[in-house]
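Dropping a structure here in structure tokens format, bear with me for questions.
In order of appearance the chains are A, B, C and D, and numbering begins at 1 in each one.
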């Protein structure tokens, strides 16, 4: 129910590339794919995932500029924020920011919003104005990955020491 | 006005009820064990640090396959062995457990296919020196047999 | 009542609560700007025992990481292990025998009762009552004894394995668990008379630290923090996993939005957990505790996987990104208290310090779990 | 009894010794009692039943260095614990333990004890202010506002009793209650006033004593889960020891006053063998109740405490004062 609604709402972010059936099949095929083969970075778009396998329903990859728009859609649909995190795709020279959202009611829908950033200029607008709870999550992602959240009120290390200038979760970090 | 007095009244009752409970507990005997003077038996499955299991000859069962060292998440096991002339199995010459880094997960015991490791029941481990926790398990095994 | 007062003067001072303070239960620091006894602004500083479990997850193989999860939350360790093994099983496609799932559920619920008992004691101690802590610890000790007899450790269990369990429960455990349930119910009655009904206790919590539904949503609060604000959200019901759909239990929801509501939710949860344990013991099927076929080296296929579980402290999520290797490519641990603690800063404005610390206690903080 | 130098010195020494021994062994009793309530054994290693624990604790405290925090007001910091002990000991001078055991009876004994009780809070204020610690400062302000709030209902209930006895002399107040327990002010069916609401006055007085002595559930001055250790956060060594002793000495005085004003002093419940033993029995039963209460209840907050005082205790005590006055006029 809510999944359908959210899907339609999120699809408005991708006017050109409406999700095709091929997106879904590529994903499920990925399980049987040869692991040696380099996996191409995904194109922006919305993919409906198999909940039984992945544990979430909707997976939207958006451009960094669209984050606010996408999160506003979820806020209006009364989603709550689970977490924000990053993934370092060092082979593609990219950083990914992952936003997890879920809802409080029994109409289950887990949504993942993700965006790929250039590894050397990782900047993404903050969503603290929409979700106040994103504050710590963004600070954490910033200190672990070095991703800048533009407009964040207090982007200083949270878990690491205050003067930490290293980003331990990057794949090329050596302690 | 009624609410004011009933609150005082029921509040007082709740206080006396609480005091009744603590009084009941007061006359019951203590449940604690005065630890250094009395101890409780350790349960069978207690996971202490590991010890080597010996065979009938008093030698370690270990065949120096190194699976435990590889399974250990913290890398706290170092072991070495030699293969004497004419023997089929390797003989353990060194088994060091760095207990300062051990997290008592039991992966080593689980990974062992030769029934060579077991958990000890020892829990009174305290020292001021770090070196006291670098256990030479082979030495401990020989000490036990002495 | 702790309504925000009009500030009489702008003369404020900074009070540094923590990192060592009796009310913070660990190394948590809150920088409070105070006007007399009223908090004007608060800033929580965390990270004092940050151990980077997430990086450890990337460096260790899957089985080697098992014991890390119990180090996250030392009071309700099994719930966290449960989330981790579930996500890896889901990713690697490992089937879990039914008996193992039932035992897992029983153990997690026992652990939840133990965790809530400790919270209950510590919370009342925050409010100045000492004896309930000791009574709670007595009951908790029984649970720890039972868990120790099965798992081999008292606090940082390493009990769940991918696909099953470390070892099976015996009749002795089942017997002592059955004996424990009526005992615990009796104790609960005692706690309610001694603490819940106490006028001083109620006066301290009623109407204190109101949290609206909206605040909970914006911060992603879960567990009793959300349920005390009238949000019916329990991962066990909303997103059933493991064998929880088989059990008949209720999710206590209170609409008071205050510290008392959060207290009541947790106390009722103890009772609900006892119900689950009771049913689990009745329904416990026979059979193996490890699957017959299990890959020797766990290498989940490429992709990302998410699993949320309801731990004693709320919705705990594990996001696993696998590149098909022996170690996870990325392992994100979403800890519930992290979100619950986050709303403290905003919500404690204008509160008296004594109320704020009671509020902090009602959030059920375990600092290593926030800091990871 | 003539007032000689010897008498005065002896009285002061006895008062100090009584206060010190009481403080030391009440700590022991408190720890044992708390332990039994929590189903632990309590201190039981040093000596039989752990009876050597208090002197050993005292030696430990005395052996420690007295540290004065940087920036503290040194004079007040050192004076505060002494000031805390002083009124406690002075109050003992005028308390009649029996017909003969009293250091110096005064015809305004009640007044003197309350004067010294009020002085006690200044030492807390000095301690908190001089130690230059925010927690200590907050705690001492709490303690003073608490004392101010609770002095009023306490004095009103005391006036009720004084009105019945018609004297401020503690001896005279006890004499008025002689006979059986029905003559006691707690439930004076055979007394002068016949006021059946006197148990209420007793409860109010007892609550105020708890608050005056900074005992749980009114221990806001030390509220350890909020203010670390309250006004004595910065004190170590014997400075802390003196505060500790003063607390217990104040409890003893509070219980003495309750015994004298409401429980008939050294009188026997059935009018038989009056003597100091009855006084001691009543005194320590009251102190046991103090300990029992402390280990049962959580702490109130500052607003809960002030609400209780201004909204409940003061109106009720005033009402009872008026009622007693009316009844005394009628009978």
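Methods note: contacts are C-beta pairs under 8 Å (C-beta built on N, C-alpha and C of every residue); 3 or more make two chains touch, one makes a residue touch a chain.
Bear in mind that the values here come from a model prediction, so they are computed numbers and not experimental data.
Relative to chain C, the most remote chain by averaged C-alpha coordinates is D. Two chain pairs, C-D and B-D, are weighed by contacting C-beta pairs, with C-D ahead. Computed from the mean C-alpha positions, the centre of chain A lies at a distance of 42 Å from the centre of chain B.
Rounded to whole angstrom, the centroid-to-centroid distance between chain B and chain D, based on C-alpha atoms, equals 50 Å. Note: centroid distance chain B to chain C, computed from Cα atoms, is 25 Å. Those residues of chain B in touch with two or more other chains are numbered 12, 15, 18, 21-22, 25, 31. Annotation for chain D: residues touching 2 or more other chains are 37-40, 295-297. Shared contact sites, meaning residues of chain C that touch two or more other chains, fall at 131, 135, 138, 194-195, 198, 200. Working note: touching chain pairs come out as A-C, B-C, B-D, C-D. On the chain C side of its complex with chain D, the touching residues are 1-2, 13, 15, 21-23, 34, 37, 124-131, 134-135, 138, 194-195, 198, 200-201, 203-204, 352-355, 357.
Within the complex formed with chain D, the residues of chain B that make contact are 8, 12, 15, 18-19, 21-23, 25-26, 28-32, 34. Only residues 27, 30-33, 35, 39, 53-56, 78-83, 85, 87-88, 98, 100, 102, 104-106, 108, 110, 112, 131-133, 135-136, 144, 157-161, 168-169 of chain A touch chain C when the two sit together in their complex. Residues of chain C that touch chain B in their complex: 60, 63-68, 71, 131, 135, 138, 145, 148-153, 156, 158, 166-167, 190, 193-195, 197-200.
The residues of chain C lying in touch with chain A in their complex are 46-47, 50, 52, 54-55, 58, 87, 90, 216-221, 226, 231-233, 237-239, 301-308, 315, 317, 319, 321, 324, 329-330, 332, 334, 338-339, 342-343, 346, 371-372.
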